[in-house]
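Which chain is which? They are A, B and C, in the order written, and residues in each are numbered from 1.
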Amino acid sequence: MTDMLQAKDVSVRLSGRRVLQSVSLTVRAGEIVAVIGANGAGKSTFLKVIAGLLIPGEGSVSLGKQALTALEPRALGREIAYLPQDRTVNWPLSVRRLVGLGRLPHRAPVAGPSAADLDAIEKAMAAMDVLRFANRPVDELSGGERARVLLARALAQQSRFLVADEPNTGLDPAHGLTLFAQFVRMAALRCAVIVALHDLSLAARYCHRVLLLKDGSALAEGPPRFVLTPERLAEAYGVRATVAQIDGWPVVVPIEPIA
Amino acid sequence: MSEAVKSTHDRTESRTAFPVLVALAAVAGLAFLSSLLVGPSGIGLPHGSRTAELIFTEIRLPRAILGALIGGALGLAGAVLQGYLRNPLAEPGLLGISGGAALGAVIAIHSGASAAFALALPLGGLAGAAVAASAIMILAGARSGPLTLILAGVAISSLVGALTTLALNLSPNPFASVEMLFWLLGSLSDRSLVHVWLAAPLIIAGSALLLTTGRALDALTLGDEAAQNLGVNPSSLRNRIVAGTALSVGAATAVSGTIGFVGLVVPHLLRPLVGHEPRRLLPASVFGGAALVLIADVALRVFAPLSEVRLGVVTALVGAPFFLWLVIKTRRDLGP
Amino acid sequence: MATLCGLFRKLVLGFTALLAAGPNPAFSAKAEPPQRIVSLTVCTDQLVLDLVPRSRIAAVSYLATDPTLSLKVKEARGLKRVRGLAEEVLALDPDLIIAQEYSTTATVNLLRRLKYRVVLVPLATDFDGLRRGIRVIARAVGEEARGDELIAEFDERLAAAQPKGSERPTAVAYQVNSLASGPGSLVDAALQAAGFHNVARDRPLGPGGRLPLEAIVADPPDLVILANAADEFRSTVGDNLRHPAFADVIANRPHMQIAMPLWLCATPKMAEAVEELGVMRRALLKSGATHE
């Protein structure tokens, strides 16, 4: 069943360097999973592998029973949406057109956008609160607004799985929260979200499970309260941190680097 | 949001696209007609005698058809390359294919083959284009992305450019040098229907290939990875671009010599008119390129009928002020 | 390298000759000689003007009235001049078109495709080539007798200008861009016929026939012949002729200028160049200012 995206013992070498070593992760529909770790721990690479953009040297990724490598690019794009960390937009398209790019995996070769396409685009723009910019060229927007537009593109793909690399960077606190509120809605609709994050409090609050990477290997994986402990954080980040509860929500506060 | 409002939005966008395309097609059509009306024997449609018919069908018509095909091919290839490289300063010559075609033609002149055998010149050009295209594919390798492709293209360009200069240098006699030089400057004069039959199928096939890249180029707006996620197959895209350019630009150069600036200027100018969307720029650039080459060819026949001003020179004269204007505009946009 | 290129060219020419289709127009027998002849290059212009009356010439090239290139400026005046585009030529309804090898290939091909009779005259590299060129045109225009006359006159003048004595003073024919005509050129043939030794034969000339200035200054030949006046070209191509070292050579030694049109084209007028050279040779030998 395509309710499950599974990475098994994935290893990747880039330019001779081992970037990922035997990392496994299973994500089921309805889950929000965070991938965390220090800079250079291999988060972005792992996300690319699980989105099917990078073929691992060892190990495999499968969607249900099918290996990702067996899917042709458009079919893959309909199942998994990928949002890169790089926010570059090469041409100043209008917001609507940019979000519309998310429908490319669905569109028939020579046809114009269908009613379903137009509907998906509108919904995605509404969800990310960028409807009011719909006809403006994207280069006129601020960094945070542009980030939301790019997210809307991924949402417009209406895929079951969303893989996002640090999607909340540059978003103001309100929009960061609405972003995760959107993820929660998607999870409720039997979608799954895999995000790389630096904001550990957000991970603690919203994610069902957390994968903690250190130097390319999985240090821990499980529910936030098991992974986000001061000991684990010290080992992974080299930082002394406090995990507290405020208003019932878990909060992770880094205190100081460990010498 | 209500159905009415949202479909109006999308229709508004396509409503601005369609008229632009129609307008460009109209300009190109007018330019084509003007091209049929202009020539040394007088302005107006030649009619009346058998000679006049001959002039129309065998001299003016092929010239106009070639002008449209070549201009369209160059404009399209320029738009595709600018979209692929995400760089508004890219142009078809970057892949080294037009350089290869030029070298092939120059060798045909140098060796005397073009004097002995009428089709030797364009066939030499086609052979040169094919060799350059294979060379760039081999050099760039199976997994190459845009950057590697361009590096390979620049390497090939430099090599064929050097070899062309060598052929000029070692020319067997001054007349051959002049012929080579003049051919390199680009011209449509005295091309026949034979050139049309030779070049048209290749240009059309190549252009068709290039037109299929529109969606992939749109997806590339977001970068290589997001594009892949949206369904772009990078090697299929690259192969289509190299093959399409080799067929269309290779055939165009083989028949008319090097006509520069069209592939650079046309997409650049038309981009704002199509909302900067790479896919919509493609058909616009076909019409725009055809219009530019046809107008330049008409201009040189009207204003300098008896001099040897070559078409490639006229398009270069258009290109230079364009860049001046671009610099001035950029400085103004960036503020004092 | 040059011989490799030459070999390659011969191979390609041979191969393409196999592929070239169509009868050779020069040999088609025509009942009436052509009445509307169009010549497309300045060299063929002059030969056509020599061979046929003006009434049979529909047009000559636009360079026919350029005095720096043509010897038949007066004769060409009043005739229609063409740039060489097919459309122009067609409008004249010609029955014969004469052009030179290596010129306006696209136009020639187009005209042939439209079934017009085009005769291409090969480039002459020596006096035999010059005679052959005259014969080709003469046959095409149907004036073979007149052509033979021209050749006979030419040969007579050459015989009269035959050098007396076996001395061969050295000479070089120097042009802009340091071009010196070496073996395989009409200039060289003229120098030989006039009894000079062309120093360009002694040296391996670079591509395009360049002779470095130093060679001339170091070992000046007995006679330096200029095809262009020193101030005729104001660009860098004329620098060699304006160079002080060269001026020095010229100032103190015998030199002469022979007008470019006299030896640009392979016409019978080349005999005049040979005659002028012969006069100079006699003067040199008399004054004893020679190498030997």
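What we mean here is this: contacts are C-beta pairs under 8 Å (C-beta built on N, C-alpha and C of every residue); 3 or more make two chains touch, one makes a residue touch a chain.
Since this is a predicted model, take the numbers as computed values, not measurements.
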item: Innermost chain by mean C-alpha position; value: B
item: Chain whose Cα centroid lies at the greatest distance from that of chain C; value: A
item: Distance from chain C to chain A - Cα centre to Cα centre, in angstrom; value: 79
item: Centre-of-Cα separation between chain B and chain A, whole angstrom; value: 42
item: Residues on chain A engaged by chain B in the complex (per definition of touch); value: 48, 51-53, 72-74, 76-77, 80-84, 86, 88-94, 96-98, 101-102, 104-105, 107, 112-113, 118, 122, 126, 131, 134-135, 137, 150, 153, 157
item: Complex contact set, residues of chain B against chain C; value: 39-41, 51, 54-55, 58-60, 109-118, 120-121, 169-177, 179, 187, 189-192, 194, 305-306, 308
item: Parts of chain B lying in touch with chain A, wherever the complex brings them together; value: 1, 6-7, 9-10, 12-14, 86, 215, 218-223, 225-226, 228-233, 271, 275-278
item: In the complex, chain C residues that touch chain B; value: 1-2, 5-6, 8-9, 12-13, 15-17, 19-20, 62, 83, 85-88, 90-91, 93, 100-107, 109-110, 112-114, 120, 123, 207-208
